[in-house]
Each structure stands twice: as C-alpha cells, then as structure tokens.
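You will see two complexes here that share chain A, one where it goes with chain B and one where it goes with chain C.
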Partner chain A sequence: MTTFAFDPTDPAQLQGWLVDRVAEYLPDLSEPVDPHRDLGEYGLDSIAVVAFAADVEERLGTAVDPAAIWDYPTIARLAEYLAAELADPVSADERPEAA
Partner chain B sequence: MTAPGGVAKPAPEPGASAARPTATGLGPSAAGPGPSAHLTTVTAPAARPTAAGLEARLREWSQSGGPFDPELLAAHEEKEAFPAEACAALDAWGLPEFYVPTRYGGRQERLDEFVALLRRIAARDLTVAVAHGKTFLGGVCVWAAGEDGPAHLLARQVLAGEPVAWGLTEPGGGSDLLAGSLTATRHGSGWRLSGRKWPVNNATRGNLMCVLARTEPGGGSRGFSLFLIDKRATPAGTVRPLPKMPTHGIRGADISGLEFDGARVPAHALVGKVGGGIELVLKSLQLTRIVCTSLSLGAGDHALALLRRFLGERRLYGRLLADLPHARDAAGRAVARQFLAETVAHTAARAAHQTPEQLSVVSAVAKAFVPNQIQAQLRLIGDLLGARGFLTGVEGYGAFAKLERDHQVVPLFDGSTWVNRAGLAAVLPVLRPGRRPDPSGAPSPAHWLRADHPLDPLDTDRLRLMAPRDALLGALPGLVAELAAEDREPAATAMARALIAAWERLGRDIGALRPTGGAPSTAAMRLAERYEWCFAGAAALALHRARPDLRDGPWGRDALWLRGCLAVVLEGLDAAPAEATRVYEELGTLLTAAPDVPATMFDVTATDAPVVLPDAPSADGPGSARDVEAA
Partner chain C sequence: MIDIGSRTDHLEKLLGDPWDAGNPAGFAAAVAADEREETAAAAEAALDNFGLHAEFVPRALGGRLERIDHMVELMRSVYRRDPALGLGRGGQLLPTVHVWTAGSPGQRREAADLLLDNRRITCAVHELAHGNDISASSFAAQRADGVLRLSGRKESISNFDRADALVVLARTDASNGPRSHSLLFFGADLLDPARVRILPRFRSVGMRGLRLGGMEAAGLEVPDRALLGAEGTGVDTVVRAFQVTRIAFPAMSTAVLDTALRVTLHHTRRRMLYGRQAAAIPMVRTTLAEAFADLLVCEALSRAATRALQLCPQAGSVHAPTMKYLVAGVLTDAVERLSTVMGSEFYRRDGEHAVFQKLARDIKPVAFAHIARAACLSALLPQLPGLLGRSRRDPAPAPDALFAAEADLPELDLPGLRSVAGGRDPLAASLPTVLDEELPSAVRPLAEEHVRAFTALTEAGTALRPRQLAIDAEVPVRRLAARYTVALAAAACLGVHRTAPSGDFLARPQWLAAALTRLSAVERPSGAQLPPEIEDALMEELVDRYDRRVSFGLSARPYA
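Then we have the complex of A and B:
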C-alpha cells in the first residue's frame, strides 16, 4: 500500500498534491496552476488527460478513470471527488451522471 | 428482459439448411432472421455456423458465375460498383446474426470467432469484407450503451439484413473527434441535427447510421452524444447523401457521407447518456480496432496464397523460383509476419473477453501493429511477384495489385497507426516493466489462450478508458522462464531471453520519459513502437505455452513458428538474432515445399472446435440461452 506525506482523504491536502502533479505536465507554464480552472484550459489535451489519470491512479493506489476528470474538470472538484473515493471507495464508485 | 417478441433462433447452419437461401439465392432472405415460428425447435441441438462452414460456402461462391467469382468482383472494382451479390450471399448465410449479441437475439458471442469469420471474407475480397463488416462497427455503441429498448430495435433491423454505418469523421475533423461540428440541439422532446459526416462507409446505401454529434456548444469530452439515425424516419429533404468518393482501393465500397439539415429525430434516437458520446465511442473503438485486424489477416492470407502459387510455377534459369535462396528468405519473412500478426490479433480478441479492463492498451497495440505487419508482408510479396504484382491482367495475379490497394485503407481508418501509437505513448510510464505487477492470482494469458478455456462473456461494462496494467507483458518473464525450464527449445529460448533484455532496455528508456501535457514526443512514439514489438513477442510466447497442439505439424516442429515470430520481433527491436536467416530459410522452404499445409496457425478448416462458453450451453444453441434469460 502506498504511504503519503499527506492525508489523501483530506480534499485540501489532496488538492495541493494534485496541483504539483499537474504542474509536472506543464513545464512551460509560468504562473501557478489554479485549482479552480478547467484543466482543458491549460492545454492538457485528451491523450494527456488519460496519462495524467493513469499517473494519479498509480500514485494514489485507487482507480481514477479519465472520465472522472471529464466529470470533475478542475483540480478542486477532482480533489473532492478523489478524497471521497479514497475515504469510502465503495460509494464513491457511483459517479453522478454528467449533465 | 424480454427478447423481441420472445422469438427463438431461426434455423442455424445455413450451410446445411435447405430452408435458407444459398449461394445462388441472392438478395437478403425474405424469410431471414426475424420473428418466426421456431419456438418449438429450441431444444433441438443446432449446429452453429462456423468459419469452416463459411469457408466452404466461399469456395463455392468463388466459382465461375458465383457471387464471389473473382472476375465478377474485379469487374465491380473496375466500374466502382458495389459488390451487391457477395453481400447478399453473406446476408443469406446469416452473417448479420454475428453483428448482434446473443442477448439481443443474434449470435455474437466471441470476438475471436468473429475475427476468424471476417478474415475468411477478407481473404476473398477486402471490399466485400469492409462493406459488409461495417455493420459490426455501426452497432457496437448501441450494444455497449446497454439500453434494452433501442438495442432490441436495432437488433431486429440488423437481423433483417439492414446495414448500419458509423459516422464519426467530419470533413474538417479527421482523427480529432473533439473537433466534430455536427450539432444536435434539443427540439421538443427530441433533437435536431445539422452538419456533415464524411467520409463514411455505407453512408448512402444504408438506412441507419450511428452518429456522433456535438450536444454542448463548447464541446469537450462531455460535450458529445451519440444518435442512431434512421433516415426513413427523418423529414424529407433534411438528410442528404453526399456523393460517393472515388478511392484508391476498395473502389466498389460506398464511401460517401451524410448531410443533416435541421433533421428532426425522436428522443429515443439518443444512444447512451447525453454527454456520454466520446466515452462510448472510445470504448467501442477498443472492440472495432481488434475486429479491423481481421481485414489485414485476410489480405495476408490472400497474398501468401498468390505467392505460393507463383513460387511453385515460376521457372527461371532452368529451375523453380523457389530454388533461389533469396526467394525462400523473402517468403519465409512473409510467413513469419503473418504468424506474428495473427498471434497478436488472436490474443487481442481473447483479451476482449478476459481482460477487458486492459483493452485500451491491447486494442491500440493490435490496431497499430497488425495492419503494419501486413503492409510490410505485402511489400515483401509484391517484390517477389515482380511484374505479376504490377500487371493487373495476368492469370489471376491481378488480384495482388487489387488487394494491395485495398489494404492501404486498413492502417488509416478506425484510428490510424499513429493515432493508436500516440494513445499508447501517453500511458507508457504507467506500463513500464515492473511498475505495477499483476495482482497475484490473476490468470496468465497463457491460461486463457488455451483452446479449451471457456471465455468469459463479452462484457462492455468492464471496458475502461485507461488500462491499469498490461497482463500480457507482465507475464513475459514467467513465460520465458517456463520455456527455459522445459529445456526443449534451446534456439527459441535464446531468442526469448533476448526479448527479455530488449524489454528491460525499453523499461529503462520509458523511465526517462517526462510527462507532457500535449502530444507525445517523437521519442515517446518510438518507445511505443518498441512496446508493440515486445507485446507481439510476448503474445507468441504465451500462445506457444497455451497451445501444445501448435507444437505438432510442420510449423510446430522445433518451435519453427515461434522462432519465426521472435526473429521478426527481435529485428524490429534492433536486436536481430544470428538465427534469423536460418529461420526464414526454413519457413520459406516449408512454404514452397508443402503447398497443402495452410500458412496459418489458426486453420479453420482443420479443426472445428466446439464453442465453449460458460453460461451458454452450446448444445442447445443460443436460442435457449436467451429464453432462460427472458424467463
């Protein structure tokens, strides 16, 4: 089981960690990553989203379908969703339908 | 769930059944599959139509005057006319039943079986295979969406012989699905569609098309939805066909498009959820990309047959061409590529049942790898055929120029080689060797590649957009260790060890990859290509382990086929083994010396193994299985 230097079930701490991960994918970005902006606006294209999801999934040790990022397209929303999933993996499996 | 009208299966094995239209009975069967009075016959054991049965019919149909008569097909090609007779014969044989899952009243159960069927057709004529097989692609999203109402509706139409097109591409979009501008907006309880789908196979001839449409003005991954359009149910003049495009190959196919001009469609035309279109398409492509490999395998079969004939009859310098070492070497390389391609296709088709969670990777490898192998094989064969590969009117050899043209479309549609490779390149860091071992207890591919292994039912709910791991390459070290422990095949074992070394090198190089937010770098693409080679080598080792029967027979002696596959793989990985020349020489010699030995490891005519499925008792046929479900 993976151990973390932070509590991944705490959305705020997970959000900080995700901001750092996204920044790795955007080496040319000069400003800090805004957790409330759509990831798509950063030029993270659809293939990169799959890679990012794979990366996060692997490091967190919990399933992260790229479709989760489509449904929770900002880091803040994704952090909330993932934190809930990590706290209670069973119920978080039922994602709401995208409108 | 109730089956449509609670009907049972129509009489199976059309090949043996006088009740079904046969070779000469052209035109879709009026009494074809559909509501019928066969309820009472469900308990009677029913022979299942098989690839061997289809092959026998194809042989008949290929005779002079038959619907697959090469002269007729060549004439259609010349005139860019649709191969209607051949498609009608396939309808009458019952091929449409294989486009429909058993739970909706069809016979679609196993992807490896369908790949074998379409391969037989492609080996006769690629245009026919592309034109008819398209309905598999057109239907997949509807089955995967899993809503019983629409699925039963579509099933009835497909079983009645109605082709279904799949409209993803747009004039301005190409591979970029998210660029699609055909828009669906809400209109009353239904929708209104405007825009174009082009180029699309069967767009004009068919009444049905499964269309990807933008439903959010801003687009995005959740901004698209799918619709099943029935042209007959749209107001006149609002759906117009676009002209047939002249093409380099598959000239007779209906490659055209549709233009929607405020076309109103009912609410039930929606397939899946609003906003779920891209996800559904990406998952469906995982199946269709595997099916596309059958087109390549068939082209390879056809070309190898022409090559064999040529090597056996062409005399130069007072001896047969096959006596030239160079000719045998090239022929050996061509067979080895065919074996490797069919191994990957077969493995991918079974993986769809056993490891659907990993199919995003498996299908990308299969679609990038198999058509490319066959392109390379066709180049080798074309080179050997010399003028006969170029002249179109010489005693049957003209078929080569046609199939070579026809095949060129396979690497570029349903996701080009590069599109698939890019998808693979992006996730390479997660697939790096040893990064995420399979959970203990997960069955090795060598287990589910066994001929007697009952495959899990195809379950599209298990498909994922991203594979958490790759069980096949995860099994590679174990497979090599087992081969070494057998201590029977020293030459193959040495090559397998070289493959492990190449795989470990690849792992180190992947480890040095940096993440990127955009398109994968050229270096990452090259790593993905090496990944494909390693995957193919692992597939060959797994198949060798799983199928002791493939160690018998001429190709199996001294693991000849396996050594051929590994030689090609190692060459692809820039680690050509010293053994390679000898292996190709052996393969080429056998190809020419034993003309009756089929140049395949999956000879459908030799064995007709009964289909084993865990919960569909084959003795009773699918009809009864569905009745149980309906009860």
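Then we have the complex of A and C:
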C-alpha cells in the first residue's frame, strides 16, 4: 500500500492531490484545474475517465468506479466523496445480494 | 445437484456420436440444416430435453448455474457439434447476465422462470449505425406519464423473432456520458405491431443457423417498471455484466478448434500421398501439433479467466478483453491454418468432412461480434499502466484454484463485478514470481524469455502518459496491450502445469514448452518452431486422444 505525503482522508489535502493527478488526463490544459468546474468541460472523455479512475484507485487503494467520477463530476465533490470512502470504506459497500 | 461430469456425459449421450451420418443431431445434420439457414431440429429438441437453459440460471433461482467454468465446459459439447446451436443457446447469457446483475427480485424470478421453461430472452444492444460504440446508441426511451416511449432501431440481434422477452439498451438522456442509457426488460407480448416493425432477418456468412433479427420502434410504450436497474446505469451494467459473456463465448469456442482439429486428423490420417499418410508430411504434422498446443493455450487462459470471475472478480474488466482478444485471435488463426492442410477437402460442402467449411465460417464472429478484438485493446489500454505498476510492486504467485483440475470456488457474485480492476490482476502479478519455482529444463529458458518480455513491457507500459491511452492511441502503444494478453496466457499455462497432478499429460514439460513457444510466436509471426521431440510428444498424445475419443482440451474428457 502506498504511503502519502498528505492525509487522503482530509478532503482539502486530497483535493490538492487530485487537481495535480487529473491534469495528466486532460488535453490542452493551459491553467490549473478549477476544483469546482465540471471535468467534462475540460474534455475528460470516457476512456480517460477509466484511466483516471484506475489510476486513483491504484494509488489510493480504495475502490473508485469510473461511474463515481461521473456522479461527482468536480474535483471538489470527488475529493469529498473519496475522503469519506477512505475514512469509512464499509459504509459505501451497499451492494445487492449475490447472484 | 448432479455434478458437472455427469451432466456433460449425459449431454454427450443425448446428442450422440456426431460422426454418425444417421444421427439427426450429428455433423451431417448440422451441415444440412446450415444449408437451409437453420439448426438441426433433433439437436434443438435434445437440448430442450436436457433443460439446457437451466445452466444459465443461478442456483438460488432454481437453475444449475453455480460455476462459469463448468457452464463453459458443458457448452463445449454443444459448440463442438454446431457453433450456431451453441451461440443460439449460449446467447441466452447475453440478456440474463444483465438481469442477474441489476434486476430486482421480481425481474430475476421472471427471467429465471422463462429460461427454466426452455423459453428465450433476446438481448438488443447493437445498432448498425453505432457498432462497438455502444455509448453512442440512439434507440431512445422517453418518459411520458408512467410509461416509457421507445423509438429507434436495434439490429443484428440473435433470436429476436423467437424471444418471449427482451433486454434492451435505450437512451434515456439526450446528453452524452455514462449516465445517458438505461436497460429495459419486458415481455415480447408488449411489441404492439402498430408501434414496432420486426425487421427482416439479417443474412450472414457463418452462424447461418442463428436467426439474426431486429426491430424498428416508433412510440412503442412499455411500463416504467421495465427499467432494469436504476435509470442511467445501463452502460455501467453492460460493461460489468458483459465481462462474463466476453470471457465465456471465446472459452466455449475452443470446442470449434477441437472439432476442426479432429476433422483434419480424420482426413490427413486416411489420405495417402506419395506412399504415406498426409499426416506424416512434416508441414502437415507441424500444423497439427501447433494447433493442439494452441488449443491447450486457449483452454488454460479460459480456465483461469472463468475461475477468476469467482475467485478474483475485480480482474474481470481485464480478463474479458484479454480473452476476447487473444483466444479469439489464436482460435481463428488455428482454424485457418488447419484449412490449408485439409486441401480441397476444406472447400467441400458435401462428403464426410463437410462440417469443416461450416466451422471455418462459424468461428469468425468470435473475433468481431459482441465486441471487436481491436476494441478490446482500447478497453485494456487505460488500465495497463496501473496493472503493470502493481504487478511490479506487489508480485505474488497466483492461487492454485485458478488452474487446478479440481478447485472449490467462492459463490458467483455478478452484482459484485467492477468496471475497473484497480491494478489487481492475479495472472500479471504472478509473472515476476514464476521463475522462483522449479521448472523443467526444457521449459526454463522459455519461461525466462516470457518474464524478460514482461519486464520490458512493464517498463514501456508504466512510462506511458495518460494521454497516450485514449481511443486514438498509436499502433505501437496498442501493441503493448496485445503483449499484455500474451503474458497473461503464459502465466495461465505455467499455472496449469504447476498444479497438474504428477503423471498427467499436463504435468509433463512438452506441452508447456510448446505452449510458451507458440505464445512467443503470437507477437512475432516468424517465431520459433517446436523442437522435433516436443512435436513428437504432442502428436503422440493427440493421436492417442483421437483414438480414445476424448477431448483435446485441458479436461481430456470422454466424447460421444
């Protein structure tokens, strides 16, 4: 498991990290990503979303579905959601029963 | 429940000896039916009699689906006789995996009851206008006071005109994005002829016994409760549930290569040329031995991927495109090469080998239907850096249960499938560890070569920039994803060898040496030849299995 130079359960610190990460996935970025702007407006397409989700999941060690990035479409909202997940991973695990 | 061995034996017995010209479910009947663009009625009746659709219904709902690997092995008995019959029936998985993944208890009950009664459900995802780009699908469902109003076209859909119910992917939001589509599940009795036109049959080169149909809807109304899963989750469910079918169909299709190889052996062992069996001509012999090795490679990866769906389900998003890319490619190439040694006999629509030309046509869709092989590389690519980075950081031997002939598996949990793996793939993670084990001397240098290739792949793959992974990825970058699939297959073969009981053919070094040699040839078409002693060992086993009428795949089980 990765160790961080920041506390990933703190939304503000996580947000700073995500702003840097997501920039890697955005085409033609001329200024830092605004954490309150929709990622779709930056041209984050569906394949990039998969790559970004896989990357964040791998680095944070918590499940990150590409769908979550669509449901929390700004970095600020995503950071809040992920920080809560990291603080209490069990509560997020509400799946239907097994097939 | 009756165990899988007894079920496959029973099904083999019901379907009978395929070579028997008088068997109404045999090869001759399948070929005759194919000429009429049908499947053999006696074979369909035997499958109904067996209650085949129960194999696709989870046990908790009264069916016999407990393990994907077992279901696949059983379906090989159908595919080996007639792939169109196999896809027509196995195609029941296409709609039902969505119901088992996202359906309410009532919807699950309804789908289960249909299948347990030998009836059919169809799965309408595809539109000719959009092909593999399913998130662009335009067939629409608009909300209007308590109903959903459907309009648009669905095309090239298996068994559309014979289904009692439908699962349909429909656009419920005009904006673009992964929340724009929803799945619907409703009875075919709702197809009001005033609001929907059933399209004429689509005619195909292969799989001609499979009825491909479709519909054009204009204001067709279905109730709100037809929604399968929450509104907007359609593409997400499809991406997760289709992992099962993208693994299962290529895995079932290994049986097509089994029959193609059996027919080629039948012909080339009888055919006398220049005073000896054609099968003894070095080029012919090499082709036979290589096809046998290819079949074992495909079944090794199939076993690992089907087992992983239950043992490490997070890897499904990686193994599905891997199976569909690699296994589909190896199978279609192998059948093609066998056709060259069949000579003109491959081109005949009559005679005792006429089934070969049918198989050569029927095998093709495994490479492009459901999802194109090229699209699989696109799907794999975004995950590649994470997968490779993690395998380097956390290498670990893969669990024996992925490979061993017998293994207990956790319960199948389709709702638990995920659309990304978070870098966790037990096959990739095992590669950096495979040289720690004892390996036969004939195998070690070959294994070292695969590990070296994987190390080089890891360096190249982890250095990729996120923007290089997009849909417009350059060809050399896409090749890295292809090399990843080869590495997983090598890991699967090593695992099957490692866990095989001593004395078993699969515990011997020859097949593994052949498999690893063939796999290094996938990315280098001028790759190494099988050494003569390895080819001898493979041919000896192949002919022995042929004479004993057992399958050529991993299980070497009795065939009728």
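As a working rule, the second predicted complex is superposed on the first by the 91 of 99 C-alpha atoms of A that agree within 3 Å, B and C clash if a C-alpha of one lies under 4 Å from a C-alpha of the other, contacts with A are read in each partner's own complex, and residues count from 1 in each chain.
Just so it is clear, a residue touches a chain if its C-beta (ideal position, glycine included) is under 8 Å from a C-beta of that chain, and two chains touch if they have at least 3 such contacts.
All figures in this text were calculated on a predicted structure; none of them were measured in a lab.
Participant: Overlaying the two complexes on chain A, which is it for chain B and chain C: clash or fit?
Facilitator: clash
Participant: Regarding the shared-chain residue A:80, is it in contact with chain B (first), chain C (second), both, or neither?
Facilitator: In the superposition, A:80 contacts neither chain B nor chain C.
Participant: Identify the partner contact of A:27: answer first if only chain B is touched, second if only chain C is, both if each is, neither if none is.
Facilitator: So A:27 meets both chain B and chain C here.
Participant: Touching A:54 in the superposition: chain B (first), chain C (second), both, neither?
Facilitator: Both partners.
Participant: With both complexes superposed on chain A, which partner does A:42 reach: first (chain B), second (chain C), both or neither?
Facilitator: After superposing on A, A:42 lies in contact with chain B but is clear of chain C.
Participant: Thinking of the overlay built on chain A, is A:7 touched by chain B (first), by chain C (second), by both, or by neither?
Facilitator: Neither partner.
Participant: Touching A:67 in the superposition: chain B (first), chain C (second), both, neither?
Facilitator: The answer is both, since A:67 touches chain B and chain C.
Participant: Check chain A for residues that touch chain B in one structure and chain C in the other, and list them.
Facilitator: Residues common to the chain A contacts of chain C and of chain B are 24-25, 27, 40, 45-55, 57-58, 63, 65-67, 70-71, 97-99, listed in rising order.
Participant: Can you check the complex and tell me which residues of chain C touch chain A?
Facilitator: Residues in contact with chain A: 58, 60, 100-102, 108, 135, 177-179, 233, 236, 378, 381-383, 385-386, 389-390, 411-416, 418-423, 465-467, 469-471.
Participant: Residues of chain A touching chain C in their complex?
Facilitator: Chain A reaches chain C through residues 24-25, 27, 40, 45-55, 57-58, 61, 63-67, 70-71, 95-99.
Participant: Under the stated contact criterion, what part of chain B meets chain A in this complex?
Facilitator: 178, 220-222, 273-276, 278-279, 360, 422-423, 426-427, 429-430, 435-436, 464-466, 468, 514-520
Participant: What part of chain A is in contact with chain B in the complex they form?
Facilitator: Residues of chain A touching chain B: 24-27, 40, 42-55, 57-58, 63, 65-67, 70-71, 73, 97-99.
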